[in-house]
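So, here come the structures, one by one.
Shared chain: chain A. Partners: chain B in the first complex, chain C in the second.
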Partner chain A sequence: MSPPSAPLTPGLASFLKSLKTNPIDTSIDNLISLLKRRQIRHSRSCATATAYLLRSVVSACRTSDASKLIERVQSVGKRLIAAQPREMVVGNIVRRVLGLIRDEAEDDRDGEFNLSEAGSESQPQTPRASDDPSDSLYGRHDGSALKPLSSLAAHPISMFSLLSHPEPEHSLPGTPGSASPSGRSPGHTQNNDIRAEVLDGINEIIDELGQVDDQISAYALDHIHSNEIILTHTSSTTVQKFLLKAAAKRKFTVIHAESYPNNHEATHATVSGTATNDDELLSTESFQKPLIAHGITVILIPDSAVFALMSRVNKVILGTHSVLANGGLVAAAGTRVIARAAKVHQTPVVVVSGVYKLSPVYPFDFDSLIEYGDSSKVIGFEDGDLVEQIDVQNPLYDYVPAELVDLYITNLGGHAPSYLYRIVSDHYRKEDISF
Partner chain B sequence: MTNTSDPALNPVSSAPATPKSPSQAPQKKMEQSQSQPQPKGQKPPKPTKPAKQQPPKDKNASTPADAAGGDKLSPAELKKQAKAEKAARRARERADREQAGGSAPAGGQGPNTPAGKRGSDAAGGAPVGSSKGQKTATRRGSAQAAPQGGAAAELKKKQEDKNVAVFGHLYGQQRRNTVAGAGKEVHPAVLALGLQLRDYVICGSSARCVATLLAFKRVIEAYTTPIGTSLARHLTTHLSHQITYLSTCRPLSISQGNAIRALKLFISSIDPSVPEAQAKTSLCEFIDTFISEKITVADQVIAGSAAQKIKDGDVIVTFAGSSIVKQTLLTAFRQGKKFRVSIIDSRPLFEGKNLARTLASAGLEVQYSLINGISHAIKDATKVFLGAHAMTSNGRLYSRVGTALVAMSAKERAGGVEVPVIVCCETVKFTDRVALDSIVVNEIADADELVITQEPHQLTDLPDPAATSQPAPKKGGKPAASNPSVSETTTPKNNGSPLKDWRDTPNLQLLNIMYDVTPAEYVDMVVTEMGSLPPSAVPIVHRMSTNT
Partner chain C sequence: MATADPRLSKATEPFDIVATYNDLLRSDPDLTMPIAAIEALVLLLTHSPSSTISETLDLLEKSTTHLKKSIPNPIGLSAGTDLFQRYLITTLQRPGQLGPAGDFNAIRAHLLSNSRLFIRRAKESRDKIATFGRGFVRDGSTVLTNGGSRVVASLLQRAADEKGGPSAVRFNVIYVLSPPKRNVENTTAEPEGLETVRALRAKGVPVATIPESAVAYSLGKADVVIVGAEGVVENGGIVSRMGTYQIGLLAKAMGKPFYVVAESHKFVRVYPLGQYDLPIEQHVIDFKTQEDVDTAKQQQPANASSTPLNDSEFHPDAVDFTPPHLISALITDSGVLTPSAVSEELIKIWF
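Moving on to the complex of A and B:
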């Protein structure tokens, strides 16, 4: 399913590239297969891919009806989630997009009274949004995305006109040909406007995904003071940026558990500052100076030494895979014992995470959240005789209960674990939680 | 043997306050002019007495210190200067002693004290250490050994930077890599044993103890008392050389220390009138009885009683590869019990692999995961069996690093049901030392063991002549980084780990500790050959077993 033009290994970069050229259904299938094959792994990569895909879906879906748009996004979202149910950020992004659409639809309903004619003078702008899915990719950063907004302000869409203009053309959701810019009719201005609003919102989500680490790291100086000893785990870029921000001002020591066997290579690369050839990480991160270049002493330890060193650690800073509404989190395997050891030693545990990782899921069956990985990383093929005899397990994630976490730092600020449900209800609409 | 000036240097060079020594080349220059930046780089707790601390840190420091102190002639300054000179002299003596190679300070109890402790004592400037050093220096200051010692010091200077400050007191001399420089008194069996210990060929507290005793048996068999001394007096010194050599290969385990102590006690109790042949036979008999009583039979007793704790349907979690736990599980399996074993293992030694292999080939149902899977492995556990390196007098379990994590997970399981943690431990591993955390007492292994070396993958049939010759010398945990010629000849693109050059990367440190201390409250029961006890009974049992 990978595009012929892209010689890249399948991943986020190749997907985003193919999104511009491929028809929308191909792209959906492409992302589904990437998720299924775990060729997109990191939660942020998943979130970014989902957001871009949904933007294409929304811009390609030329329906007149908000509910139809919701339906379309829901159906795509369901397929994505079914492809990788444990990658909760995918669902989160879908929910946020659904929430956007509902918000817009409600705004329109509210604006019913300032009903005006669906002006034909706004028609020149209509092809823009649905012109070509790739167009919006290029024009994301210039002001062109704001144009539909102004047109909307001039001509609020009414529920009445939505209902009174049944869709004359058969651009059903899921028709690949619907991406073509031809065949417009003047009656569709208002739909395009609702879509433009939604597209704007999605662009904001995408921007948020790009900035989230910087926003989180802005709180770093509030939490790291001089001469502290900080323990962290895995090569999370969020944590690295957080520490780097503090390193610019303060001197402290970082103890880095290597998270063998699933993430140790990346951790070693992060720690030693050698260039990663991980194409999933965006280019800006690979050019970043490592902590050691800022004069921060970094001590790399095997995971087993965590308990031994915890008595000297002042703070544990952890990255996460996803955060659950009850304040618990799903993070790389090994996180739980680290958090537990920290609790035993009365060391505060700080979890840094973007809000997009916050999932409206209350876990009842913890096992269902855990993904198991490649057992050959635990025992290699050279020990094949041994593998035949024994049961080798390689869990990728741990569920860390909320009571082991002292503080969450998101791009909105610091929160107690017990407060997270509030943020969940701020970000997701009730009707979307199980769509 | 410990380098005494070493621990004192560590806080300075590895403190975060000196980040401006980025590469190794300027490092040497800094050594020369260290007297100036030193007070600045001093550890914050004691900035008041820099002059006192200064000289032991640098062997060359005496001259700059003189120059600095020369212009001011206040009595306090003079006193300080005199003190500094004295300390510098001591440091020089120590350096001499170090150059004398692997030979130890002679004396009864010296070699028994673990290396780390001795190092910190000497760093405190204990006069005992210096006088001892003097004695040995005169005795063994051979000219041939001197350049080699100098090279070793050179090497150490380069690595100084890489010692983790908190563990500064544990970095002794670098582990011996060859038998070169070992004293001529050291028996070949001991020479071989030393290398086996260093390479973890013989690993595990009991195995090391047994191997040491067997090697000493051969030493005693080959021993003849020189004319003019008695066996009881001279054999002890003779053994001390062997012991010192062993401790330079790898710090002695508690069990080794206990066994050696018992052996020396027995030697000193031998009546000088007893003929040598008879004394030697009785010594060999003593060693055999010690091994069988304290270890072989003790293991069987422990395995028997610990196996009784296993019930049908149990899920036993164990960590790394303890020989006594293995024996316990096999005993229980032979008794026809149906249970499952879940082994948790860790880098870099992967001792659990061997345990898994043995148990699986015996027919047990084995599940294997690494330390990141603890919380999953512990979920359906019903009992945790742990081996021990030692049990301290305050009831804490001193065992392979990671044990504490397993015990903690067992005690704080999510469901709220605590899993019993059972430690299998011979009483020979009990010690009167106490430990609160894993930092004061520990052993630092070579950090290069953490660097992952990928064996050169040969996918095609045509062997590269250079590549095929290489895998042979590369052994188990030995990294390619230690052997620059190997890493250069292999394809540069397959350079393996990003940590390859960690020693040349400023501010990056690797820490590879061997043990951790599990709090006593995580241990429910200690199964020994004297019965099953709570951890609080350890000091009593220890006193009983040493007094008899």
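Moving on to the complex of A and C:
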């Protein structure tokens, strides 16, 4: 299914280019195969590709009905997630888009509701005189009496749901009263706006993906102080930008663990400033000067030396692959060792991550989150004899439990791990968590 | 309203909220304390002719205080009475039909006519929790649990059921049984939780029962600890039957996840700072010399022969407090929460 216009190396850039020319179904298949073959692999690349794809899906979906739009996005989302279930950002972006559509649809319905309420207000409220309680309740069932209770029940979580009125959603579709014919027609014109507003929302998500590292780095000076020794791991762009921001004002030392065997080449390149922009996104950003050009001492160490050096380290700053709702995170292999060593030495561990990496998934089964990679990076196939004798595994990720992390810095600010559930509930709708 | 009718007939007698509460708890073994308290308050409103807001609130206030005083451990029930009172006040304050200018009778009618619904919802919330919690019981895992919590029982049974998901989970259960409630009239009582054990075994789940003293020994074989709670307090800790705290400590020490299953109507506005800061009287630690024992024996010579175990040495209804740092997550009907989320839920209804 590779498009004819695709350049030689398929990836994010070629996908985004082909998205403009290809029909939408080809693009969906294209992204699915890219995800399956791991030709798109960094969190942000996946998120960007998903956001752009969903933008095309929404704009190509010629329906004015919000529920059909939701259905369409859900079906595309399901296929994308099935293609690479461990790439949680894909699901996150799909959920946020679904949330956007629901928000817009609800705004719409609220408008309708106000109309119907205004209509029924003019009716005299006769049921009040009735003595039988159930009678008076049912008399109000279609009227405005339900409004305060139903809005209460619409709260995502509330302890009052136990005592609230039965079936609040009854009042939403069931407003066939006086106002509904007049309420319908503006509803339809607004429905066309839904799509435009959802597209605006998706554009905002795309913008957010572009700005997230800069937003996070704005907090750098609060966390990195003069003459501190910072330990970091992998060639995470977010971490590098964070450090660079602080390097503009302060002098400190960075100890960089090389994260062999999956990321060491990129890490070496980052440290020495010879990054060749293998990550497609980097090419568009002005990320040329390495830390050493700012006069920062960078010490490259093998992963095995982390524990030995930890006693001198003032702060550990880590990038991540995805963050989970319980405050734990999935990050490049080796991260847990670093976090554990930091715990032993009581060194603070700070994780920098965009909110888009925050997933509502609860890690029931840690093992299923870990992806295994190319074992030839551990032992090359030239050692053929050895490969036959032993079982070589190369896990790409580590699960780091919440208690090993002291602080998360996202584009919204710093949060304790125990507070992340709140950000999850702010960003994702409850009904979308498992769709 | 079937249960309410006989009581309505003898409306001439003054309404006894404590007796009603106890009756309700006894009549339905599936009823939790907060829900029984809400029910009792609803019945109270049925009996009182009060038609003004302040009169009703005053009545509720008085009866609640009376009820709390008469029950040895009012933590669970105060969750229910608080929720009821806050619901009434919040609904009255909100602008709208039922608001200040609105019709107080409408709220009253809603509460009186829907008491069955509240009970049904409370029971349904267990199903909801079972759905959320199903993911915590993995294939091939071993779950350690204790007590007679109905929510835990329904969660484990749901996991063992074919209906709960694509297929039944194959898991083992280690059930911590505490000695039965033995009192004078009932000497053959069986330990709490044995019923759940039987139900699980009937579903083909292998269950091992161990005494409380074997928790540390057995925990190495368990993958996860799931317990119920009588009340979830403001800081995210739980008040639960005696013995839960030590399981929590041991689970923490062994690095096993410790999950609490509780309905959100059990959240209660209490902030205990430690074991001895609970707003209840329980004489678990009772220092005595031989002299004290002798005087106690002399005072009640009739009872002395009945059991060698002194009453004060055994507390069937005692509770302890498990602090939030021992709890991995709370599985509630509003989702899987971290302990710190509890205070937010409570703040939402109080302020």
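One rule holds in what follows: the second predicted complex is superposed on the first by the 346 of 435 C-alpha atoms of A that agree within 3 Å, B and C clash if a C-alpha of one lies under 4 Å from a C-alpha of the other, contacts with A are read in each partner's own complex, and residues count from 1 in each chain.
Here is the rule we use: a contact is a pair of C-beta atoms (placed from the backbone, for glycine too) under 8 Å apart; a residue touches a chain by one contact, two chains touch by 3 or more.
As the structure is a prediction and not an experimental result, all values here were calculated from the model.
Participant: Where does A:Ala341 make contact in the superposed view: on chain B (first), on chain C (second), on both, or on neither?
Facilitator: first
Participant: Taking the superposition as given, does A:Asp365 touch the first partner, chain B, the second, chain C, both, or neither?
Facilitator: The second partner, chain C, only.
Participant: Is A:Ile379 touching the first partner chain B, the second partner chain C, both, or neither of them?
Facilitator: first
Participant: Is A:Pro261 in contact with chain B, with chain C, with both, or with neither (first, second, both, neither)?
Facilitator: first
Participant: Could you figure out whether chain B or chain C reaches more residues of chain A?
Facilitator: Of chain B and chain C, the partner in contact with more residues of chain A is B.
Participant: Considering only the touch criterion stated at the top, classify A:Asn326 as touching first (chain B), second (chain C), both, or neither.
Facilitator: A:Asn326: touches chain C, not chain B.
Participant: Would you tell me the residues on chain A in contact with chain B in one complex that are also in contact with chain C in the other?
Facilitator: None.
Participant: Could you pull out which chain B residues touch chain A in their complex?
Facilitator: Answer in residue numbers: 14, 16-17, 19, 164, 166, 346-348, 353, 356-357, 360-361, 365-377, 400-402, 404-405, 408-409, 412, 414, 437-439, 442, 450, 452, 497-499, 501-502, 505-513, 515-517.
Participant: Mind listing the chain C positions that touch chain A in their complex?
Facilitator: Within the complex, chain C contacts chain A at residues 38, 83-84, 86-87, 90-91, 94-99, 103, 105-106, 108-114, 117-118, 121-122, 125, 135-136, 138, 264-265, 267, 328-329, 334-341, 344-346, 348-349.
Participant: In the complex formed with chain B, which residues of chain A make contact?
Facilitator: Contacts found on chain A: 227, 251-253, 258-262, 264-265, 268-269, 271-274, 291-293, 295-309, 311-312, 332-334, 336-337, 340-341, 344, 366, 370, 378-379, 383, 386, 389-395, 398-399, 401.
Participant: Inside the complex, what are the residues of chain A that reach chain C?
Facilitator: Answer in residue numbers: 128, 133-134, 136-137, 140, 144-145, 147-149, 152, 155-163, 165-166, 325-327, 362, 364-365, 418-419, 421-422, 430.
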